[in-house]
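Next come two complexes, and both contain chain A; in the first it sits with chain B, in the second with chain C.
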Partner chain A sequence: MTTKTVAGHDIEVNDEGFFVDPEAWTEDMAPALAAEEGIDALTDQHWTVIRFMRSEYAEKGTGPTVRVLGKTSGVSVKELYQLFPKGPAKIAARIAGIPKPRGCI
Partner chain B sequence: MSDNAIEKVSIIISKGSLEGIYPGLIMANGARAEGIEANLFFTFFGLDAIHRKRHEHIKAATVGNPGMHMATMLGGLPGMSAIATHMMEKQMTELDIPSIPEFIEFIADTGAGIYACQLAMDMFKLSKDDLVEQVEDVITVGEFYEKAAGGQIIFT
Partner chain C sequence: MDTGHQHIVILGAGTGGTLTANRLRSRLPEHRATITVVDQDDQHVYQPGLLFVPFGLADPLDIVKPRHRQLHRGINYLQQAVDRVETGDNTVHLADGSTLHYDVLIVATGAVLLPGETEGLTGPGWNERVFTFYDLDGATRLAEALESFEGGELVVNVVDLPIKCPVAPLEFCFLADWFFTERGRRDDVKITYVTPLDGAFTKPTASTRLSSMLADKGIELVTEFNTGTVHGDTDEGHPRIESWDERTVDFDLAVVIPLHGGAPFVGRSPGLGDDLDFVTVDQQTLQSSAAPNVFAIGDATSVPASKAGSVTHFEGEVLVDNVVAFLEGHELRALFDGHANCFIETGFDKAMLIDFNYDTEPLPGHFPGKIGAPLLAESKLNHLGKLMFQWFYWHVLLPGRDIPGLGSAMPTAGKESS
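Now for the complex of A and B:
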């Protein structure tokens, strides 16, 4: 576990860079977190996915996998990989300040 | 992230049974979810997974499969494979595991490369038209190694 500064806030992240406390996340941190993942500008579609990650986590206690994202977020699987080339569920979870989604499918 | 993280995998699917095909698909899909580059190479009976007319009719093997926990003679009775397949598919649907045709389409959408083995195609007298549209190319074993360069190879 390490502490890092994101958009002026001190936050704790685990070894893989996921927020330890999702409640510590605020929307103004997203652009800086995205930049760390190599995403320079967050589009409306990025935000659709980020907000979907947050609401799924709030509702179910775990973030959605790529399959769930593709089926229910309104963004297709192809588009998800264009938005987050290094793994949509994983990268969007990091930017959305929630734990890494678990699930093999 | 660790410095020796896996960055690329090429997975060979050589069997044509339900239990022979799914593990490779799940591993390819899981790789892409992690942002790992993935290729799928279908050879021998594994070609059935990308065969337009056969990919919806993949069966679980009930003969010569001790994991089924049934006597081999029973497994050979007519309809046993269909029953076992039905039971497994029902279980998989409950876990939201996609059917093979849907899974192949999904994996292609994640950006994984899907290839068929030239020699197996020749053996079974198949042409690219017999295969699903997600298949990028029919390639030789040498071309497979070129595509797999710099990554891990998994044979299933």
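Now for the complex of A and C:
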């Protein structure tokens, strides 16, 4: 676990860079978190996914996988990979300040 | 709670439905409860046997038995497809338009393969150079293809999780290594395991062990590969799988484990399932979030445990206690801990054993106690265990007999601490 500064806030993240406390996340942190992932500007579609991740986490206690995102977020899997290259669920979860989506076992 | 005559309806006569029906029948006298089991066909496949069919190690005919014959006396069997469940009025609507009223419903309809959801998977080359061994027909066809495969790139690809028996694709790689070595063709076959995970397996300690086993056997590992398209055609360049982020892996023979979902009727039943049609239940009590008189077991549920027969078996004990408690108006006290126990066939007459639950990852040691089968290590004893399991499945597990010394909860006595 390490502490880092995001948009002026001190935030605790785990070894893989996911927020330890999703409640500590605020919207103003998202652009800085996205920049760390190599995403320069957040479009409306990025925000659709980020807000969807937050609401799914609040409701179900885990973020959705790419497959579920593609079925339910209104953004197709192909578009998700364009928005968040190299792993939409993981990267969107980091930017949305929620834990790593619980894959299946 | 009404203690009069009850109707228990069980959807699905596979591992979970059969063992639950048999256990409930021995717990509840016939004057207290009628038990009806519904399934759309009468072929019960011993699914762990599917892994062995492609290598000529199991005959397809030997791993199938009639479903109704596995059910004990006093259990009704109805061969019908399910259209949907209306939990609001405790009714199952069957495909022929008839209905079944239940006091308690148990959903045990497993997981289904969805090859059609991956672009190109069932297109050109399907069952020619692109196969799956996750159903009886696919496994049988793959046996012919492996026998006649002279050499080239064999790719084993898991499209996405969850899948049934998550270790089976790795076992397939290990057995393919053995199979081509035995036939003197191993040097001509390149084997590559392509997975969406960031390692060979989900659980860290087992993943490290399995990765080094792949390396030792000369099997390549490609990770974080999310298959978007299968190009099985030879007309447009080399046949290949392509990921969503546009990486490709060429193949001459592909063994693909398709996407899995729950039974389609779950999606047609209001409130019953999640986005992938798995029944949402409490991960400890197995009670549905849709209605208190609905339960689910095995691959059909959304619980974060492996979709495997051992999990279903361990869930069975908990489920039956909870169904009986529910009928008697008591609190549901039996709790499932996520216990899974898998033999991993590693080729050359050896296997290893892993044992884990929701909170404890697979650890080295011995099972079930300090003296027992080695965990996370290859041995001939574990291979014999895997072979014996088929007898055990039909004669102990499905009839719902208890195994002395092995209950539902994960044993800790023989495990080394992490």
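The rule is simple: the second predicted complex is superposed on the first by the 103 of 105 C-alpha atoms of A that agree within 3 Å, B and C clash if a C-alpha of one lies under 4 Å from a C-alpha of the other, contacts with A are read in each partner's own complex, and residues count from 1 in each chain.
Simple rule for what comes next: contacts are C-beta pairs under 8 Å (C-beta built on N, C-alpha and C of every residue); 3 or more make two chains touch, one makes a residue touch a chain.
Quantities reported herein were computed from a predicted structural model and do not represent experimental measurements.
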Superposed partners chain B and chain C on chain A - clash or fit: clash
Touching partner for A:Ala30 - first (chain B), second (chain C), both, neither: neither
First (chain B), second (chain C), both or neither touched by A:Ser76: first
Chain B versus chain C as contact partner of A:Val6, first or second or both or neither: neither
First (chain B), second (chain C), both or neither touched by A:Met53: neither
First, second, both or neither for A:Val66, with chain B first and chain C second: both
First, second, both or neither for A:Ile91, with chain B first and chain C second: first
Overlap of the chain B and chain C footprints on chain A, listed as residue numbers: 65-67, 77-78, 81, 85-87, 104-105
Interfacial residue positions of chain A with respect to chain B in the complex: 16-17, 65-67, 70, 76-78, 81, 85-91, 104-105
For the chain B and chain A complex, residues of the former touching the latter: 1, 26, 29-30, 32-35, 95-98, 106, 109-111
Residues of chain A that touch chain C when the two form their complex: 64-68, 71-72, 77-78, 80-81, 85-87, 102-105
Chain A partner contacts - residues on chain C that touch it in the complex: 160-162, 166, 197, 202-203, 224, 226, 228, 244-245, 259, 275-276, 304-306, 340
